[in-house]
Structures are given as structure tokens and as C-alpha cells.
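For clarity, chains are labelled A, B, C and D in written order, and residue numbers in each chain start from 1.
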Amino acid sequence: MIAYLTNLATLATIFGILAASLNLLIGYAGIFSIAHAVFFGLGAYAGAQLAMLLVPDLLLACLAGGLVAGALSLCLALPALRVRGEYFVAASLGLQMMAVTVFSEAHAFTGGHGGLVGIPLASLLGFDISAPPTFLVVCLVVLALVLVVIRVLMRGSFGRSLMAIRDSESAAEAFGKNVARLKTLAVVLGCAMAGVAGVLFAFYMAFVNVESFTLEQSILVMAMVIIGGTATLIGPLVGVLLLLLLPAGLSFLPFIPPTEIGSVQQLIYGLAMALLMIFRPAGLAGRSAGQR
Amino acid sequence: MADIPLSVRGLDKHFGGLAAVQNVDLDLRPGVTTALVGPNGAGKTTVFNLITGNIPADAGDVLLDGASVRGLQPYQIARRGVARSFQDLRLFGRMSVRDNVLAALEPAPWLWQPGGGGARRARAKAVETALERTGLTAQADARAMDLAYAERKFLSLARILATGARIWLLDEPASGLDPNSRARFVALVRQAVSEGVTICLIEHNLDIVTELADRIAFLDRGAKLAEGEPQEILGDPQLISIYFGEPR
Amino acid sequence: MLFLQLLLSGIQTGAIYALTAAGFALIFGATRIFHVAHGASFALAGYAFLACSQMGLPWFVGCLAALLLAVGFGLAMDAFIYRPIQRHEGSFFTVFVAAFGMTIVVQSLIELGFGRGFVVVDSPLTMARAIVPGLYLADIFWVAIGLAVALFVLVTLFLERTRAGIGLRALSENPELLRAYGLSSRRLSALAFGLGSALVVPGAVLTATTSGLQPAIAAQVMLISLAAAVVGGIGSLRGAALAGLLLGVVENLVIAFVDTQWSSAAGFVVLFAFILFRPSGLFGQAVAR
Amino acid sequence: MLQRRTFLLTTAAGLAAPAVLRAQGSPYVVGTLFPMSGPNAEYGMLFTNAVQLAFEHIKADGMLKRPIDLRAQDSLATPQGGAVGMQKLASVDGASYVMLGFTGVSKAAAPIGTRSKVMMVNGGGVGPDLAGLSPYFWNVIPLVNQEVKALLPWLRQKSLKRIALIYVDDPLGNSVLEQLRKGLPEAGGELADTYSVPPTAQQFAAVAAKVRSVNADAVYFASYGAQQSQIIKQLRDNGIKQQLLTYSAGSIPSVLSLPESEGLVYTSQAADWSSAQDPVTQRFVKDWRAKHNSDPSIYHQNYYNAMRLFALLAQELEKAGTPVNGENLLATLLKVRHFTFVGGEGTFQDNGTLELPMQINQIHDGRAQKIA
């Protein structure tokens, strides 16, 4: 039981980092990306490759994963500068679909559908950190760091500028904000953090393949952010706990026949998403309109 | 020429076949409030958008202190001391009133605002002053979208006030205000003018125009038909009949 | 010859995409709701048709059942999901998540009701014959093209000639005009959902006989509709239909030049390119920034 | 929210506690980790039905002294779902033996199962990457290479020389590609052309057009799930009249029941339902037909065997008086190696796969018939 809870907690922490980084885009910068799993994947692949080819050091891997994801996030920044709203959603969708094909085709980097197997155990500055409880602690530390960075930045002028752009791009520009640069910074920062989450994921799973970086994953993370509450620090975490623990919790229900377990779980899961959006449209941790 | 903070020379803009602005000249001088007046669709807001670089001009030029701003991005023009308001306000709706004003005076070139603690305190002070002058201190922590209509209009003014910009372009700043708020608004603008701010405003309410404007530029179908003292323009029956929309 | 063959099968695929995408565009144009559950309407219609044909009912009964279910679902989404959400804060993404949740619900219900496998309705119309040596076409090709053209003409006529149709177009362009016409925006939005959902029926029925159905088909259809609606210029019916056709053709033709692996991604490459280089789409107005 | 979370966790703990107790007490906990929702859920259904039948037989025969407690987890056919499900089966349910399927799931679950010393058994397709994945990971099915190899003599006999290959670009598909590329020339044939498709592709009219243009004698496809039926249907609809060939994945009901599958030839391990002599196979076929009113497929056979393998291993352990856990199950498997399964006698190889006699089947009137 402890091992199971540790496992869930570690996954929840990794997804917490992922959701928090997407919240930077969706919640603060108003960039509605449904391609976040792409950058999660880029980080995971980069981290795994580094660990397999050079050294399984988590710090270096995080650096590499963050760099690769951050650099390639310019593919997302480009449409983000040109279009907004539904158009951007569609652009990120296109990017996501293309990336999945590239991930499955670029065998040298990703191992194709077979994925990368045998990712070595993680170490940090020479210490073995692969034991599940230790790794959980490391993940929690990374999550804490990410949250601190987001909080500090979002409380500062950068955060205010992003939110100003989100609420009215033209007005922000009229007050001297370099919208292109700020948006690009936000995208790079958010995607680099997603890359770091990907590195942790790769080390934790010891195996990665394209099935973890699909559109479904992107939508799951997006749902976590929206259901939890955008532009709040704890909202994405609340969303992660709910959406990760809901299926896990449902699997404990004794009365579902084993042959129908998947469908019934999905049914409840989908219904929960719809109902939450009807009754808590600003998310569980968000404040609704009219509330002062 | 150099003592004119902002001058517009032969500005032209076409949207498809429609001439939105045709050969408009305009000089804005410090301490002088100029009103752009004209019927709906005369191209007044387009003139603003051309000045701030939001849309590129087909021909003509905008000079800030005698230097052309051609090719500059809107944010670069803004940083040269041009602040504007919008007809539809464009507040930062989900941010607090205080953050709305604060965001307006931080260009935030990178991840942080340079200048350190001293500059930060100075900015905080500027924000408080702007909020005080616009009477929004009590609402400082409310979200902009939750404000009443008049409060929102004052917030859009507070954003401009706090920046310390020397040129203000105000797009229908007083429309829809009750008489009491209107009086406060007029007082605010007058104080700014007395402090040397150059103001250009678009306004439909002719009472406000007569109260505030030192000069009036009359636009119709993108062209400047006349410019002069308020009584001179408002006394011209032909212009007035265009303004009040005789069948055209 | 290969090129021609690929072009023709692209047109058949594209005709189905076009109708589905036009439905999506109609709903989006009139209500500004990104109806992500459009794919679920498609799946429901397809399975309704399948159920009827399994019961041995004639094909037009199946089509009618598909129509009723698709329209009913569209109207229900509008009334019970979108409207309550929009009454509150109703940001674009809130709607997106709720609609996606409902897509999952529909998919699970289909799994529970019809099992999880691939199913197909048998029809003699789908068997291709050589019309000239080396060029194969099935009768269903003509059915698809005919239906697409006929329905498109009908919908266009409806939008241009009838009061309700003009109201629908006005809903997105100029809501104030509606009041002048004395039309209720609530009724019109229901009309948009009904009509838009009805447009999935031919595609669903044809797919049930050609490439077959599976519970997860909703997501696929949703992606294509969305891509076509954007490439066509959001809200433009004509654009969405043409873009749907284009995506179908590209998906098929691309195989003549690159590895088959890229076929389904090709449509999204087109989508991405359009957004970068011509964000207004084929027929859209310039994007307001 | 905090409250809700605590609630969920305590509910989880409350429900799980008796399970852990029971695992120490009477029943043996056996887990299944199949996709039970999503595009591959048809397989989860198939696998589960087969496990269920074996479970009933084991109970009816009183093969084991203690009852078996079957626990199902939805793997969603994704690595993440596999990891979470495996961890739950291993550490919450206390399963000592888990049946699973799908490459991504298997690879993600294998390290967790190995760490917790849980026997894992796969009965789905086997690419070279699943052979020898972990000492605790076994396949009750031969390597897909074996299947291709078994087909080559038949191709030669029927003088089908030019083969076009449609394959999913994953280790299994690539292994088929490699085997055909190597084996066909030796059998006097050649690969006419190859087409790799993504596992999510649904439209094959264009592929069909290309296949037609190369004028092959036969078309081999290596895919799985709903995609297989789509490939068959669309190839036939688009005028491909040539012989269609595939591996054991062609034996699922949705393929069998598809009219277009008439004449499809696929390889599988020996599974001759009509003329089987041995009692294990006879009983399996008879009871399957009685229960499901159709012929069993290869997957039914495999997962029946997987479940049966557990009973056989546990039986040995009960005889010896040693506790039934993953470690001991593995030791017994390595010691015995040779088992009586549905389809005949099977021997486990060192690479973690099962050596079984192979056969070639053809679909006729919705039923599979052994043709070689």
C-alpha cells in the first residue's frame, strides 16, 4: 500500500510540475496551448538520452530537458505571436499532432513506438536517488522550486505584464509592453518547466514512449489546470489530485464488473469534468465572477 | 518644429476601397488640449491608431519632438511618452485596480523590472497618487471587471496618469459619465494640462469639448475639414449639420 | 493513374470531412461555441444507424434514427452544458473541457452498449470496380459527392434565403441586427446546433459503411472538423467545407510523395502552415488581434 | 478540497485493507492489466473472457486448495496506465501473478513487477523487445518471427512471390518487416513494397491505391486492434483482390466476422479446434462454444493458457508446501519449463517466449480453418 501511494504521489508531483507550468501559459499569459505533452515528451526524451549516453545525473538531465524543451518551444511561440484564441488552440493542436508523428518516426532520438527502455537509475551529484521515497522527495523539491519561481515571477512585473497582455493585448502594448518578447519568454519558461517534469517522468518510469505524449495527455493536463482553477498557485495542484486520484479511487469501487471497469471509470471521469465546469466554471480554487 | 511634442503630417490610410484617413495634418502643443470632433466613422480613432503605431500608415508621417516614428512598434512609441485610452477601455479585467495601474508603468523588458528597490518604491508611490487623484483608493484591491462603469473610466485614466506620459490620447473618456463624475473628470484633465501635458481627445459630448478643448480639429470621412478655436468651429452651421448627421 | 486514383479517394474522404466540418463551422459561426463534442454527435449517429441495420430495419429508418439522435444530442449539449456554463464565467476553455468530458461520456456509453470492437455496416455500394483499367471507384463515391453537394446547396440556400438563416448569419456578425429582426438568440442557437448536428449524419452513415466505426471515432472526427474549420476561416461555412475537402485530398495525395506514415499528420501540417502564413484561413476575414 | 482528498485516500485504504489481509489469508491474488477502455479495449474484453473461462475451469476442477481472487486494472494501453495499474496490483492487491498485454504497458510495468517480484505473463503479440524484457516477464506465445517463418514455406508452395507489406511502425511491425526482408528471398520471393502506418490511422484507401499499383501477389499486414479490420475492409473495397496475409492478431472476432475477411490467411500457434485430440484443448473448445456461441481465437487460447499456467505453477508449489509468491512461481517455471496447454505441449525458451507448434489458418464463412 505504501509503495502504491508513493507511486501515486510521485506521479501526482510530476504532473503537478507539468500542470503548474501549463498554468503559466494558460492562466497567466492567456496562451491556450493543447500541445503541452509535446514539451513534456521532449524533456523526457532528452533526459533519457543524456542518462543513457552520458551520465544519469538528474541535475544535468533536468538542465538538458529544460533546454531542449525551451528551445523547441519557439515552434509554439511563433503561432502564439501571430494568432490568438481559437486559432492558437488549433495551431497548438496541429503542433501536437505533428509532434506525435515525429516522435514515432525519429527512431534515433525517441526509439519510435518501441520507446526508450532501460533508462538508468537516477543519481544526483553521485548519490543514488532512485529509491521510490527518495525520488518522491526529490520530485517534491523540484515542484516546490517551480512553484516558488512561478510565484515570485507572477507577483512581479513579469507576471503583471503577462496578465495585462492576457486581459488586453492592445492596451498592454499601449503601455509600453513588448508583447512579442514577453509572450515568447512565457512560452519558453513554461515549456522548459514541462521539460523538467518530463525528465523526472523518464527517470521514474525507466521507460518512455510516444504513448505518454499524445493529445490525450495534453488534454488531461489542460483539464487539470482548468478544473483546478487558472491563474492560481494551488489550482493546478488541486486539478492534478482530482484527475489522477479519481480514476485511482474509482478502481477501488468493488461493485463494477471487471469487464466494464474501464468504461464505467471513463464514464464517471467524463461526467465529473462536465459537471465541474457547469458548477465551478472558474475551477475549484478559482474565484467566480461577481465574487469580490 | 522641435518644440511641438507631436505633429502629424499628411497621414493617409485606406482600408480596401475605403479612405479612413486622408491627408490629415495635426499639431499638438504642450498645455493645449485639442479635440478631434466629427460624426461616427470620421476616422478619429484611426488617427489615434496611426499615431500609436497600431496600424501602419499608407502615407504621411508622425513626428515626436520632430523625429519620425515610422516603423516603430506601438510599445516603442508608448515608451517615448505617448499614453492612450480606448473607447472600450480595455482594462486588465482580471487584475486588481492597483495592479492595473502598476502594470501600466512597468514596461517589464525581461523577467523583471530593472531599477531595484528605490525605483519600485517610486512606482508604488506613483500608483497610490494616481489612485488618489482618480478616487479609486478604496477600490484598490477589487478586480477591474467588478468595478462600476464610472470607476472603470477613472481607472483607465489612472493608468495614463501614473505613467507620467507627456502626451495623452483620450478616446471618448467622458462618455456615459454622470454630471458629478464628469466634473471630476474635467478637473483632472485641467490639472494635467496645467502640469504641461499635451492632450488630444476624441469626444462626442460638445459640452465637454467646449469645457476642455483649446482647439478643435473637425474630421469627416477621414479628412480634416477645419481646425480652429472652439467657438469658431462650433459656430459653423455647416460643420454642425454634418456633425449631427444630416442625411448624407 | 496512381495520382488520379489518390485524388479521387481523397475527394471521397474530403466530401465526408467537408459536411462534418461545415456543421462545426455553422455552430461556431452562429454561437461562438467551440463545439468539441461535435465528434460525439458523429459517433452517436453512426452507431444509431448501425443498431438499426443490425435490427434489420431499412436504411432510411436507420438514417432517420441517426438524424434524431445527432440532433437531439446537439440540442441537449446546447441546453444542458453550454448554456449553463455561459451563464457564469464561461471562458472558452471551460466550454472546451466540459465538451471534452461529454465526449468521453458518449464514448464510454457506446463501449458499454456496443462493445469496443470495430464494426461496419455491410453495403454493396462500397465495393470498388474498375471504371477504366487501373482506376477503381465504388458507387459510394457518387453517393458521397452527391450528398455533399446537395446538402451544401440546401444549407446555403437556407442561410441566404430564409429569415431564420439570415438570423443565424447575423448572430455572429451583428447581434444587434437580431433584435431588429425580432429573432431570439436562444432559438437561433438551438437552430444552429440542430442544423449543425444534422450535417454529421451523412458523414456518419457513410463512414459506418466504408471505413467503419469504433467507440473512439469521436476524437478523430473532432480533430478533422476543427482543423477544417480553422483552415477554412473560422465561422465560414464555405471555407470549412472547402478545407474539409482539401484536407481529405491532401491526406490521400501526400502518399504519392512521402512515406505513408505521414498521411494523417499531413492534414495538421497544412493546418499549422495556414495558421502561420494565412491565419484568416481560406475565406475568413482578417483575424482581430 | 483537502477534505475530499483525505476522504479519497481513507476510502482507498479502507477498501484495500481487507484485500491485503485476504492475500495473507486464503485466496491467491491474480491480477489482469488490460486496456478496458479506449480504442484497444476490444482486446481487454477478449483477454478477460479467456481468463474468466480458465478461472471457472480451475475452480470446477479443484486444482488449487485455495480460491483465486481476480483483480482487474485498466491499463488504458498507455505506459502510464500500465505503471499505475501494475503498482496497484503489486503493492495494494498483493498480486503474485499478473497477466498483461501491449508493448508500452508491458515495458512500463516490467520494472515495477520485477522490483516487487511479481510474475508477469503476456499473451498478446511478441516483438523482439518483449522477449527477455525481465526475468519475471514471460510470454505464453511465440516470438512473431516464428510466425513469419512458419508462413514462408506456404507462400512458396502457393507460389506467392511478390509480397506487399503494410505494417505499424513499432518493434513488432519492424520485426515482421525484417523477417520478411530476410526470409522472402530465401523462399524464392521478394518484398514488392512496404508501407508503414501510424497505429492511429483509419483511412487506407490511399494505401490501397498504392498497393494496387505495385501489383503484388499477396499483401501482408501487421497491425492490431480496430485498425486490422479497417485495413482489410478498405483494401477489399478498393479493389485489392490478392491474397491477404497476417500474423495471429488476425484471429480476433471483429476480423472473423467481417465479410471482407473471407479467405484471409494468418499464422498462429497450433489451435486446431475441430480435430484436437487432447482433453485440455477439447474441453476449452467445447466450453467456449457453449458459453460464447463462437469459436475461440488465439488470444482466448493464450490468456486461457496464461491463467492455466498460474494454476499449474501454484499446484506444484502447493504440493511442495512452499508459499505461492512471484519468486517461487518463477523458480517453478524455470524448473518445469514444459507444460500441457490448450493447443498442445509448450516449452518455455530462455528468451522468455513459448515454443509451440505453428499452423496456418484461413478464414472461411466467418470461421477459421486450419489449412497447413
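Following the convention adopted for this analysis, contacts are C-beta pairs under 8 Å (C-beta built on N, C-alpha and C of every residue); 3 or more make two chains touch, one makes a residue touch a chain.
From a predicted model like this one, the values you see are computed outputs, not experimental measurements.
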Q.
For chain A and chain C, which third chains touch each of them?
A. D
Q) If chain A were absent, into what connected groups would the remaining chains fall? A) B | C, D
Q: Can you figure out the chain closest to the middle, judged by Cα centres?
A: A
Q.
On a CA-centroid basis, which chain has its centre farthest from chain C's?
A. B
Q: Report the inter-chain centroid distance for chain C and chain D in whole angstrom, where each centroid is the mean of the CA atoms.
A: 36
Q. Between chain B and chain D, what's the gap in Å when you average each chain's C-alpha atoms?
A. 72
Q: For chain A and chain D, let me know how many angstrom lie between their CA-based centres, rounded off.
A: 33
Q. When the C-alpha atoms of chain B and chain C are each averaged to a single point, how far apart are the two points in Å?
A. 46
Q.
Two-or-more-chain contact residues of chain D, please, as numbers and ranges.
A. 37-38, 41, 44-45, 169, 198
Q | Residues of chain A touching at least two other chains | A | 100-101, 104-105, 170, 260, 262-263, 266, 289
Q | Residue list for chain B, restricted to those that touch at least two other chains | A | none
Q) Line, ring, star, complete or other: which one describes how these chains touch? A) other
Q.
Dump the list of chain pairs that touch, please.
A. A-B, A-C, A-D, C-D
Q: Under the touch definition given earlier, write down the residues of chain C that touch chain A in their complex.
A: 28, 34, 81, 84-85, 88-105, 107-109, 111-112, 116, 219, 223, 226-227, 229-230, 234, 261-262, 264-265, 268-269, 271-272, 275-276, 279, 287, 289
Q.
Which residues of chain B touch chain A once you look at their complex with the stated criterion?
A. 52, 54, 73-75, 78-79, 83-84, 86, 90-95, 99-100, 102-113, 142-146, 159, 163
Q: Flag every residue of chain A that touches chain B in the complex, lowest number first.
A: 153, 156-158, 160-161, 163-164, 166-168, 170-179, 181-182, 185, 189, 231, 289-290, 292
Q: Provide the residue numbers of chain A that touch chain D in the complex, in ascending order.
A: 1-5, 7-8, 11, 100-101, 104-105, 112-115, 117, 205-209, 211-212, 238, 241-242, 245, 247-249, 251-252, 254, 258-263, 265-266, 284-285
Q. Which residues, counting only chain D, touch chain A once they are in their complex?
A. 1, 4-5, 8-9, 11-13, 15-16, 20, 32, 35-38, 41, 44-45, 48-49, 70, 72-74, 76-80, 83-85, 87-88, 90-92, 103-104, 107-108, 110-112, 116, 127, 129, 133, 168-171, 174, 198-199
